[in-house]
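What follows are several structures.
In what comes next, subunit A is part of two complexes: it sits with subunit B in the first one and with subunit C in the second one.
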Partner chain A sequence: MSEKDIALMAHLMRRAGFGASREELERRVANGYEATVEELLNPEQQPPWEEDLARRHHIGARYGNGLPETQGWWLQRMVSTKRPLEEKMTLFWHSILCTGNAKVDHPQTVQVQIEMLRRHCLGNYRELLGDLSRDPAMIIYLDNRDNHKGAINENWGRELLELFTMGVGNYTEDDVKEASRAFTGWTHKPFPPLYPFQRYFLEFEYKPDDHDDGEKTFLGQRGRFNGDDILDIVVRQPATARFIARHLYNFFVADEPHVPAWPHTPPRDGAAVNILADAYLQSGYDMRSVMRALFNSDFFKDESVHYAKVKSPVEVVVGTLRLVEDYITPKPGIDALVTQAGYMGQMILNPPSVEGWHAGKEWINSGSLSSRVNFVAERVGDTTMPGVQNIINRLATESRMSAPDFVDGCLELVGPLTIGEQARAALIAHVEQGGPLSRDTEEQRSDFARRTGRVLQLIAATREYQFA
Partner chain B sequence: MADPKTKDPVLVVVQLSGGNDYLNTIIPYNNGLYQDYRPNIGIPQEDVIPIDDDLGFNPNLAPLKEKFWDTGKMALVHGVGFEGCNRSHFRSMDVWHTAEPDKMGTEGWLGRAIREIDPQAENVLTGVSFGPGLPRAMALPGVPVASVMELERYGVLTGITPQQERDQALEIFARMYGPTVGTGYVMDYLSQTGSDILKGADVLKTAPAKYSSTIEYSNSPIGQSLRGAAQVHLADMGARVIYTEVGNFDTHANELAMHEPLWQDLSASLVDFYDDLREHNASDNVVMLLFTEFGRRCRDNGTGTDHGTGGGAIVIGDPVKGGFYSEYPSIEEEKLLDGDLQFNYDFRGLYSTVLESWMGLDAKPCVGGTFEKLDFI
Partner chain C sequence: MTTQAKTGRTYNYEITIGRSSVTGESFRTPMALSLGRDNEIYVLNRTTERQVLGHRVCRLNLAEEFLGDFGQRGEEDGQFIWAFSVACHPDGRVFVSDEWLNRISIFSREGQFLGKWGSKGSSPGELNGPAGMVFESDGNLLIADGQNHRIQRFTAGGEFVSTWGSFGKGDGQFNYPWGINVDDAGNVHVADWRNDRIQKFSPNGDFLMKFGSSGNGEGQFNRPTHVAVDSDGDIYVTDWGNDRVQVFDSEGSFVDLWTGNASLSTWGKLQLGGNTAFWEQRASVPDMAEKEKKFREPISVQVDAENRIMVLDGRRDRIQIYRKAS
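Right after this comes the complex of A and B.
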């Protein structure tokens, strides 16, 4: 098993999931790359999430109140799932088709949307759009409940075209108005009374009386279009194929410029975007087929795109917890870690706007970098964590006792990660300064563990560690 | 311009995210068309706080009127915008941040201003931003900006004890983030950011300890951001451009119910901020600019308003000459642009006024040209 195979598998697992331990990587390499891709693409063949166990610590996540508990519920699932791509895809859709609790003001309603996204995450995009248009959280977030016959509200109609399908420049202001007309009457059932049960789940409702049944002209076609007709038209547009393809490339392969720049800036890898767009159209918008094309492509495997993405805060938090093997079995306390991702700039279920988060390089600023480094350093420096102990034991078994060997071993076991010569030299000098490493006595073994923790902390602080 | 012999001029920018509805902020309350356009969300004539026979304040801005307008320290700049607004939040905000309406810009106008102020980047705290992200307006390679969520948490490897070991770790951090050649744009950016943290953290963290005030700010994000801004300003660290953000002003629905808490809280927080500065005799060198990416549609859509184009901006501060600037766009049907207020004043002129008349900088390199200035300073 070559270090190259491990590196490729680690790349796949960082992108299709939230990273994997050295042991898991070795097991997967033994199984083969394409078999691993198939396993990831078919989450239903993996054991389901042990929801009952998590429920004990998140009693209110489904029926209570409180955003942190609902956020913690999802974060817990990302950490302990055995179906990593399912959660990663769900996060992908949440980043684009996003809805924020700040406006919906009912975390459970947003959570129902997340469950809907998860259900469709590797399914058909047309079906996803159909359910998204009927999703009560979205109907509140983009105001379609205020989109009436004779008095349109353009919010949903505009963002459907601008952010969820074709992108700016592929439609006119009139198309926005006509699409909005087609979605009049798409609303949710009235709120049940607030007391005594507090807010409760909402259901979609179509009101024919409030629907503008007149003729519409949309993207050059005429008809008495209803919302589903609009979705049928937009989903098959080549612009939509390219837009979704570029989003996938940006999220799973390498950072692209921010979305408003897309009409003016060609993709980093136009051929790759074309491959994905073709897969989208040829498969009839089947995301599983598109993702299979992506993960098995040469452009994805190419070493130039390994670590070509700045980790999102959720990737930092979930990836670190998986690395140190904390919260693998649900336990209380994870809700507070959502706030940590918030300090780094990403609050799940509450994106700053319908644009989602500014990702890539924009994840980094002096405040967020402080938070990232400190969060990871605190956890990888805790040598009681099972994942950290595994690293210590492995270093010992492989007797990585010289300073360069020791540092390289740590880098292999958290990545494998390659860091700049200057940074590597600084780490080696640090280890040398602490004297020779040895594990003969109890005292030396504990010193070895402590020093491993410190080197892991310093690795977490490197520039290179900020990339996925 | 501020007197260079005494204190350096400071600019505080407050971004109203989502597109604030200027028509319901500064209201043409005696124009019958206003109520016609807005049968559902028009502010009743009797609730508007009149300024003159034509215009009045939304009642939620009452504290601002009393504190700043009535004392002649508030400029209302009408009809601000740019040619070719496509009503996208994201594109519009980008245009405002980069001052590039005609092409895709990547450099922030305030980043350029900070470079003008401190070309050698000698003080990493010349620009300070409060909030979870760094606004694109401040982003410019080579220009350090301290981006702060909480002043107390700023700094790396804070968990390592004892101090001697932390010092050692920070030394390694400094080496790891040292300048490197040919490692790529994002790597270089990381290097710079990491080094800036090291330079700024020890200074920045002292601000809360130096601070004492009788003002109790609102617990809202904007209240706390402005409190942080006051702490940094009062600690005299050389911060010249301070940025904060408040939202969400995207009032497609329930505009009345959304505007009320937003503007009440923002008004109270702005008043708190100035009271705080005045309490410390530190308000005379601060000017505050409030802007938003666009205005909203003239006609309401039921309970809210959709995206529009021309908006308005507010400038507040002791050195400000209060009053109306530029022209309030006509709301006559035939004067509207696709149902929106027509902008009549290029936002880059507003920036130029603030940069040249207040900050004493050459605006041209910051906004990419020469634009008509106003005389509110």
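Right after this comes the complex of A and C.
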């Protein structure tokens, strides 16, 4: 089993999930890369998330009354799932087809939307768009409940074309108006107030009397289009294929500029985007097929894109918790961890705008960087954590007792991570300053654990650790 | 409303008590209820992690009088992290289990902290995730020791008396037991939560019977949380994951199924008060009354001496009360 194989598998698991332990990487390498991809692409073959236990312990968080527990519910799932790509894809769609509770003000309805995204995450994009158009949270977020026959509200119609399918430059203002007309009458049923007995689920409602049934011209086609006709047209557009493909490249392969820059900035790897766009069209918009093409492609495996993405705050938090094996089973405090990701710039279920989060380098500023480093350092330095203990035991078993060997071992076990020579030399010097490593006595074993935690903390502060 | 069960039993819906809020005369994500002396009702609330003051026991009576509350989130004496169940001692003291802190906290009838006991572990007398609790007539306390998958009996002072059960699906085994109750004969009924069944034991822990399986049909459960028995021996189960209550006879045969009959409570009316927006929003919902009736995650049930069946409607922050008429 070569280090190159381990590195490639680690790359896959960082992108298709939230990272993996050395033991998991070795198991997966032994199983084979393509077999691992298939396992990830078919999450239903893995054990389901133990939702009942989460409900028992995080009582009231499922379809929560408030936002923090609803966010915590999803974070708990991301940390403890055995189906990492399912959650990563759900996070991807949440980042693109986003809805924010700040406007919806109905957390359980936003959670229902997340479940819808999860249900469709590796399915057919047309079907996803169909349910998204009927999703009460989206109907509120993009004002389609205010889109009436004879008095259109263009918000949903515009963002459907601009941010969810084709992208700017591929449609006209008239197309926006005509699409909006087609979605008149798509709303939600009246629902009870929060008080006195908590929230009720929201339901989609189609009001034929409020629907503009007149003839429309959309993207050069004429007809008495309803919303589903618009979706049928947009989903097959080559522009939609390229747009979704570029989003996938940006999320899973390497950082791209923000969406508003796309009309003016060519993709980092145009050939890769074309491959993904072709897979989208040829498969009939089947996202499992597209993701299979992505993960098995040369452009994904290429070392130039390893660590070519700045970790999102959710990746930092979830990846670190999985690394140290904390919150694998429910325990108090999960809501506060959501806030930690918020300090780093990403509050799930509450993106800053319909454009979602500005990712890549914009995740990093002086405040967020210190939050990221402190969060990770606090956890990897806790030598009582099972995942940290595994690292300590592995280093001991492999007799990584010289300073360079010890540092390299730590880097292998948290990544594998390749850091600059200057940073590596500093880590080695730090270890040497502490004197020889040994595990002969109880005191030495305790000191070995403490020093391992300290080096892991320093690794968390390296530039390289901030990349996925 | 009157429900005529197929077997000739008649149940009348009487009243809904409660409303949703973190403090004051209200409940928020209640976990359990227990009947105290003089028809007092104690409701334990979990709320969310950030709502420190909402982790409390509310004390009220059937006249809808709010008599006070006690407790808050924390690890100090009298505080809770994952409060799970409340049980009233025959002498009026109130006991609260905490499944994270693995301890039992004791309060006076009015809520003064009196003491605590319990430690984490799996040996006899130790606890791992104490869940439901009930006092026997002699003053001993039975605890569903959730993550040890067993039942333990203690004196009120915390001295270990006896235990039975282990992890599994067999008779007398458990998978995360939750609620526990005793009938007039002292037999013990346990909501064997993750096995989707109810088990009945003699007072000394001998297995007597079981009923239920996984599903949403009659007689099936989706994670039953609690169980209570009336003076005729009929058994009431909060079928939490199916949002309903099921009734069985003393042999475990299905009798009836309730999906809820709640009405707007007095406290609820006070909460809506003069807020015209709330009233207008309610009026805009065509099936408001039907929506409001239904249970959402009923979590605890108790029957009083007058065969009033009190169902704690977990995600609606209220108690629905029924009475068995015949």
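Quick note on the criterion: the second predicted complex is superposed on the first by the 462 of 468 C-alpha atoms of A that agree within 3 Å, B and C clash if a C-alpha of one lies under 4 Å from a C-alpha of the other, contacts with A are read in each partner's own complex, and residues count from 1 in each chain.
To be clear about the criterion, a contact is a pair of C-beta atoms (placed from the backbone, for glycine too) under 8 Å apart; a residue touches a chain by one contact, two chains touch by 3 or more.
Only a predicted model underlies this, so the values are computations on that prediction, with no experimental measurement involved.
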| item | value |
| --- | --- |
| Touched partner set for A:4, first subunit B, second subunit C, both or neither | neither |
| Contacts of A:57 with subunit B and subunit C, given as first, second, both or neither | second |
| Touched partner set for A:331, first subunit B, second subunit C, both or neither | second |
| Which superposed partner A:103 touches (first subunit B, second subunit C, both, neither) | first |
| Contacts of A:222 with subunit B and subunit C, given as first, second, both or neither | neither |
| First, second, both or neither for A:373, with subunit B first and subunit C second | first |
| Comparison of subunit B and subunit C by subunit A residues contacted | B |
| Which superposed partner A:82 touches (first subunit B, second subunit C, both, neither) | neither |
| Intersection of the subunit A residues that touch subunit B with those that touch subunit C | none |
| Touch list for subunit A against partner subunit B, complex | 102-103, 142-143, 145-148, 151-155, 158, 162, 168, 173, 255, 259-261, 264-265, 310, 342-343, 345, 352-355, 358, 360-362, 364-371, 373-374, 377-378, 381, 419-420, 422-423, 426-427, 430, 454, 457-458, 461-463, 466 |
| Complex interface listing, subunit B residues touching subunit A | 17-18, 86-91, 94, 103-104, 106, 129, 132-134, 136, 139, 144-150, 153-160, 165, 168-169, 172-173, 175-178, 180, 183, 185-187, 189-191, 193-194, 196-197, 200-201, 247-248, 250, 252-253, 301-304, 306-307, 338 |
| Residue ranges of subunit C touching subunit A (in the complex, touch as defined) | 19-21, 28-29, 31, 46-50, 81-82, 99-100, 176, 178, 193-194, 223, 241, 262, 264-265, 267-269, 271-272, 277-278, 281-282, 284-286, 288, 291-292, 296, 314-318 |
| Subunit C contact footprint on subunit A (complex, rising order) | 52-53, 55-57, 59-61, 63-66, 68-69, 72, 189-198, 200, 331-336 |
